[in-house]
Amino acid sequence: MSNFFFDEQALSQRLINYRRELHRYPEAAWCEFFTTSRIAAHLKHLDYQLAFSDQIIRPESIMGRDDKLVQQAQERALQWGADTESLILMNGVTGVGAMLDTGRPGPNIAFRFDIDAVEVAESQDDSHRPYFLGFSSLSSGVTHACGHDAHVAIGLGLAEVLAENRDKLCGKIKLLFQPAEEGCRAGKAIAESGWLDDVDYLVAAHIGMNVPSGTLVCDPQHFLCSSKFDLQFNGKPAHAGIEPNAGRNALAAACTAVSQMLAIPRHRDGMTRVNVGQLMSGEGRNVIPEKALLKGETRGENRELNTYMYQQVEQIAHASAMMHGVDVEIKAQGEAIGLYNDASMVNLLYRLGEQSGFTHVVREKDFGASEDAGYLVDRVQQNGGKAVYCLVGSDLTAGHHNGDFDIDETRMLPAVKLYMNIISQLQAEVSC
Amino acid sequence: MSNFFFDEQALSQRLINYRRELHRYPEAAWCEFFTTSRIAAHLKHLDYQLAFSDQIIRPESIMGRDDKLVQQAQERALQWGADTESLILMNGVTGVGAMLDTGRPGPNIAFRFDIDAVEVAESQDDSHRPYFLGFSSLSSGVTHACGHDAHVAIGLGLAEVLAENRDKLCGKIKLLFQPAEEGCRAGKAIAESGWLDDVDYLVAAHIGMNVPSGTLVCDPQHFLCSSKFDLQFNGKPAHAGIEPNAGRNALAAACTAVSQMLAIPRHRDGMTRVNVGQLMSGEGRNVIPEKALLKGETRGENRELNTYMYQQVEQIAHASAMMHGVDVEIKAQGEAIGLYNDASMVNLLYRLGEQSGFTHVVREKDFGASEDAGYLVDRVQQNGGKAVYCLVGSDLTAGHHNGDFDIDETRMLPAVKLYMNIISQLQAEVSC
Amino acid sequence: MSNFFFDEQALSQRLINYRRELHRYPEAAWCEFFTTSRIAAHLKHLDYQLAFSDQIIRPESIMGRDDKLVQQAQERALQWGADTESLILMNGVTGVGAMLDTGRPGPNIAFRFDIDAVEVAESQDDSHRPYFLGFSSLSSGVTHACGHDAHVAIGLGLAEVLAENRDKLCGKIKLLFQPAEEGCRAGKAIAESGWLDDVDYLVAAHIGMNVPSGTLVCDPQHFLCSSKFDLQFNGKPAHAGIEPNAGRNALAAACTAVSQMLAIPRHRDGMTRVNVGQLMSGEGRNVIPEKALLKGETRGENRELNTYMYQQVEQIAHASAMMHGVDVEIKAQGEAIGLYNDASMVNLLYRLGEQSGFTHVVREKDFGASEDAGYLVDRVQQNGGKAVYCLVGSDLTAGHHNGDFDIDETRMLPAVKLYMNIISQLQAEVSC
Amino acid sequence: MSNFFFDEQALSQRLINYRRELHRYPEAAWCEFFTTSRIAAHLKHLDYQLAFSDQIIRPESIMGRDDKLVQQAQERALQWGADTESLILMNGVTGVGAMLDTGRPGPNIAFRFDIDAVEVAESQDDSHRPYFLGFSSLSSGVTHACGHDAHVAIGLGLAEVLAENRDKLCGKIKLLFQPAEEGCRAGKAIAESGWLDDVDYLVAAHIGMNVPSGTLVCDPQHFLCSSKFDLQFNGKPAHAGIEPNAGRNALAAACTAVSQMLAIPRHRDGMTRVNVGQLMSGEGRNVIPEKALLKGETRGENRELNTYMYQQVEQIAHASAMMHGVDVEIKAQGEAIGLYNDASMVNLLYRLGEQSGFTHVVREKDFGASEDAGYLVDRVQQNGGKAVYCLVGSDLTAGHHNGDFDIDETRMLPAVKLYMNIISQLQAEVSC
């Protein structure tokens, strides 16, 4: 048990309050202006040093961000009452990093909380608690159906407890409120900003994920590696009847690319996947299509396998363009690179789970999806640090990304307690 | 010269007035509710017997009509002041047939005027006369850039002169104000309604078409045969990562179809064409696409060649669906079947051109496009009648379907005079 | 240790003699006329009841048999001195089943020995023992490079020992000398003949397979499921310049099939494979190809996965034919359905291995290839019997199907001893 | 009528004799060693200056020549009694150019005679005159079924008459006995050798071609432009089951290329064609194919259209290779570039036809095939000379390239007379 003091009952209630407020203002990836402004205001009040925009996110590495949607989100954030100062500091890029520098020597420990909602319409059924209790989404077609509202609440709660116990801490504590986790669009840019480069330990978690209330999974397995991409083919239109030879058929190129991508050879070493989920092309029925936009993804059981698939996609994209005399732009839209916990950190969690309030503590469980945290974990490990990503159980009313999704709100408190225990233990190891 | 009396100067001015009014209220194919109501009101006033909806258009053969756009067009027509009675008689289907029955034995002669505008934004440049003079389109993104406004004006002018000279006429005169000529979407349905089945002679014309002011082309050549179609592929979605084998990939089927359609073998007997102008498919990046909609067309130098192409498309559509285990619906969206004038009618026009006010009368010129009148001409010919389709020259300010398109308004009068002379001559032949 | 008597030294030498004689007369799948005739003559002499042709092989289920090669093989067998009576009984279909019916109640036990050689040229290097000692292949381009000559020798040796010990036996013993194991072309037809339907226990083995001399593998794992197939597309030729539309392009259909087969969706449940290894099509450069022959295969980690792949191939073959207006014949050329040993039999072998002369007895090892015995094992199991397929270790001079392949001939004796021990044990269980 | 003297009756009989002898020794393209040696021997005897090998054929531009077949042809020519000296001079390349240099100033006039046979089996029916009279092909599967034996006979006859009338001639006369006309494989190489670069007038003809006996066609129309090509894809084999990702699939690349070539867009300006007539690929069923060879051709109504098609083929070949990570070699195998006569030469023939013994002289007739002479005509015209290619009528017993093909042998004489008249006329014009 940590030696930090806080009123668990009161904290649990505040966590619920935070989560419910955030739940009302869901914002999709790269649009979290209001959310960021509220987090920033709160942390500034607690005396954290804040970092925004290119301090925490390398602009060149941003993926899957739509300027038009960002513009609309900023306007809406203002209408909802976002504080202007934060908006200016964000400079169009959401998310905030907060640092508590104790001034005392000690380990640098970071926690990551993802903050974005998903583009799903929230249930308006009385059986859906957020609707029944009146804290459901104010933004049509967007809702916190993945539990990131709870993640933010946990982060705010942790920030409070740390601030209250500032005198008992050493080293630096960093709290990363990450935008655009969905689609794995921000992790790479955050890693490459360098903001985590002085971190010795990184901890992240996800609530739910088919883990029941009370259970802690210390070392989830099989994080999917995946690349999301758009292919934009640009050709030349021509009247299909009058001069069929004069066009450069972007649709023909796109169709060639689709057929060939589906035929990328299977790989000896394991599971691979490829999909083209969308194709939009053409203007008029009698015009050879000038443009074609194709949205796809690759997956692999590990990083090498996904890289194999993505390199094949690149080759096919260029060959399809060449085949039909058109140009192609390949735009990365998101990437997950897998995630491998450090054994020492897994062991630490395994030891601390029960005292933090979990009734079942297990080591492994299949994850089977992708996590943007992989980039952050990898960066910390590259720099000699240790990292862990765990699953905090919560009974759910419906699956993730479903409009009826709701969590067991009482499961946020154990997460905060676990984090405090981790800090306590890591600091004890270096006897600061 | 015909023995009919009318004041040419006054008529010419009225033609211009009619045309300018119609120009302000452009309506695209199947949306010509206001246009039809104005024509109907005028002809009713002149004592013509009017026919609407399934009297002139066989519902089952309608192609390329969008219920939603029709609904919007009706509402706008009401706002513009369309008369309610006509709207009721139309019953959702635009166009009107008018008959002047002299009660005296004689040939039945029909004239066809197409009434629809095109989905092109009209120029707002001072050099564009309709804009400068203030009679430009009141409907954003739609304008009379093909000259059908002039066709309607000619039809109304002809109706007036005929009404004034009713006592000198015999047989029946039918004036067909046809909707949805663009895309060849109504001709088949009109032909199959049977409204033209008692017609001995059918005459139609187009203004402009790269024929200069003053010239009459009596026998344009090489009308294109074409089929417009939509292919709707319906598969089954599945998560592309979790169970790639469980989907039925509608996009894969559509891409196969596109590639294969572009590879339909060339034909020994002459020019063929195929194009897929649009493809829309898919929902999410990681979902195997459930649906794909593809818009295409075939063309042929003659009817047999186009039929060859279209049958290949059907075969490919079914085979592509079978290949990927999906369903496909093939929806005809328009069809042009070529057009072949009767030599006797061509000769008649050739003789009458000069006395009708044309300074150059030529026999042949390449048409090189499709004309929905082909169905009407074919129907009349099948029933033993004679038909002719001619080109009335007019200098243009820009090509057809261009926002800067404008005609030489003085060229409408010779068309009316030609039609009156045709009637005079055909009636003289049978000495009624 | 079995209670059967035989002189091990003498037997081992005879095994070697048999093997060397057979090695000189290698015959590929469905061509084993000389081999069969020699086996039959030997077993007849030992008083076994023999079964040939459709008694042991269902004609309709034969796969991958070439009439022309069979004809040539029969002629060569006569030249080599095959006995005419056996050739008549074979009736064109190789292989022989032999039964020793003790007339006493007891279990029916079957052993399977595959007899075909492979189409590989044998090494003519002095370091290759068969060449150096003068017993190398008399048939150019064919050799026993898979060890089936040793399998036959083991079968003949077992037959002798059983005949010598006839009085100590009960039940029936069946010895199946199977043709066409390579390419998995006969197993299905043998199973469906019903000849094994009264069998309580089936035992089969393979020598070598990367298992060293002295080792017995009792339960090899991961037998591949695979289907071999030919697709013959039949179209209609036409002069490509003069009437491109008149052909039915078999090559276009084949190419479509190839591209689409390579794009069969991956399967959730595990490893799948597809390959087109050969395509031959066309006559003249300027003729639309009338015929195209394509040779391919599917594989799956289990039977369901291979079935999934093969059904997709069938669907694609038919759709590709439809696409290009050609016909297609799908000819099964071989099939392997996996192989799952019965645990009780595995345990029996595990117990008996050491006393049979194996120095290492292990349970599992990856097999990673296909085995035609799968059909036989499955048939016996379907009828309530038990079956086992094991690996008899032998150091090799080169890999299977390599022209330098040679075995350790001393490893045949332990196989015979194992078989005798199995019989002894199974008969003891029922105390016959 | 020319002022040259010769005995027509005797000449006609010699032409027949020559033709019949040549008919017995047919040799396919690039294999005409015996034929060339006989021509050379004859012309040398008549005192012509002879040119062989790279004097008349640029080696780098040779197309569609198979070293192995050439080797076999040389051996057979020796067996048939070809004279060794000619064989040495040929240096492996067939054909011979002969010059008669009068030493007097005057125009340089060339005549072209193609000498190769076709790979067709000659009829052995008594109704087939060559068989019945005993002068049918001595080479199985090869015969003069296109009439080039008659062309050579005409050339030899002309050479004799010229030699006899040497004193009445001025300028230079060049007789080109061209190999490998079939498949258009030599014309380019001959043109580029420069041997015709000093020629003022070039004349060539074809016998038959659906023109009846007695008719001369002075200006055949619509010579096809065509390119013959082989694509050799070279990839990397791999076991399709064990490491499907390790191969570079040459067959997949070839199939992609076939599908895409068939989909080259039609061209506004007229008729185009493409065909892949053969595809051979692969070794084993379970091996990813390492090599694929594809034989194809393009055609166009004119040179630009064929060039358009061929450039698309090149683009597709490279893109298909890139798509599948393999290499591709594009090997030109033949090319025809169209042929356009000079009007003045056409007029000359039109005037001289009747006096040369033709009963009908017509200007135009569709040719509809390709002619290797196009390259020669083009070269002469590029250098400021005039050229003409005409059709010498002959009733046929069967179509060209048919085993029953035979000509009306009496139609050779008018060709020689026409040529003499042309020389007479052209020399008269310059009054030499």
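Order of writing sets the labels: A, B, C and D. Residues in every chain begin at 1.
Basically, a contact is a pair of C-beta atoms (placed from the backbone, for glycine too) under 8 Å apart; a residue touches a chain by one contact, two chains touch by 3 or more.
Chain identities (UniProt): A, B, C, D = Peptidase M20.
Since the structure is predicted, the reported quantities are computational estimates derived from the model, not experimental observations.
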Problem - Graph separation of chain A (Peptidase M20) and chain C (Peptidase M20) (steps between touching chains) - result: 1
Exercise for the section: Work out the mean Cα position per chain and let me know which chain is farthest from chain A (Peptidase M20). Expected result: D
Handout entry: Listed pair (A-D, B-D or A-C) duplicating the B-C contact set, over half by residue number
Key = A-D
Handout entry: Rounded Å distance between chain A (Peptidase M20) and chain D (Peptidase M20), as computed from the means of their C-alpha atoms
Key = 71
Fill in the blank from the handout: CA centroids of chain B (Peptidase M20) and chain D (Peptidase M20): separation to the nearest Å works out as 54
Handout entry: Centroid distance [mean C-alpha coordinates] between chain D (Peptidase M20) and chain C (Peptidase M20), Å
Key = 55
Problem - Junction residues of chain A (Peptidase M20), two or more chains touched - result: 242, 244, 249, 252, 256, 259-260, 262-263, 265-266, 273
Completion exercise
In the complex, the residues of chain A (Peptidase M20) that touch chain C (Peptidase M20) are 259-260, 262-263, 265-266, 271-273
Practice task
Would you mind writing out the residues of chain D (Peptidase M20) in touch with chain C (Peptidase M20) in their complex?
Solution key: 224, 226, 228, 240-242, 244, 249, 251-252, 254-256, 258-259, 262, 273-289, 292, 295-297, 299, 333, 368
Exercise for the section: Using the touch rule from the top, collect the residues of chain D (Peptidase M20) that touch chain A (Peptidase M20) in their complex. Expected result: 242-247, 249, 252, 256, 260, 263, 265-269, 308, 315-316, 318-320, 322-323, 325
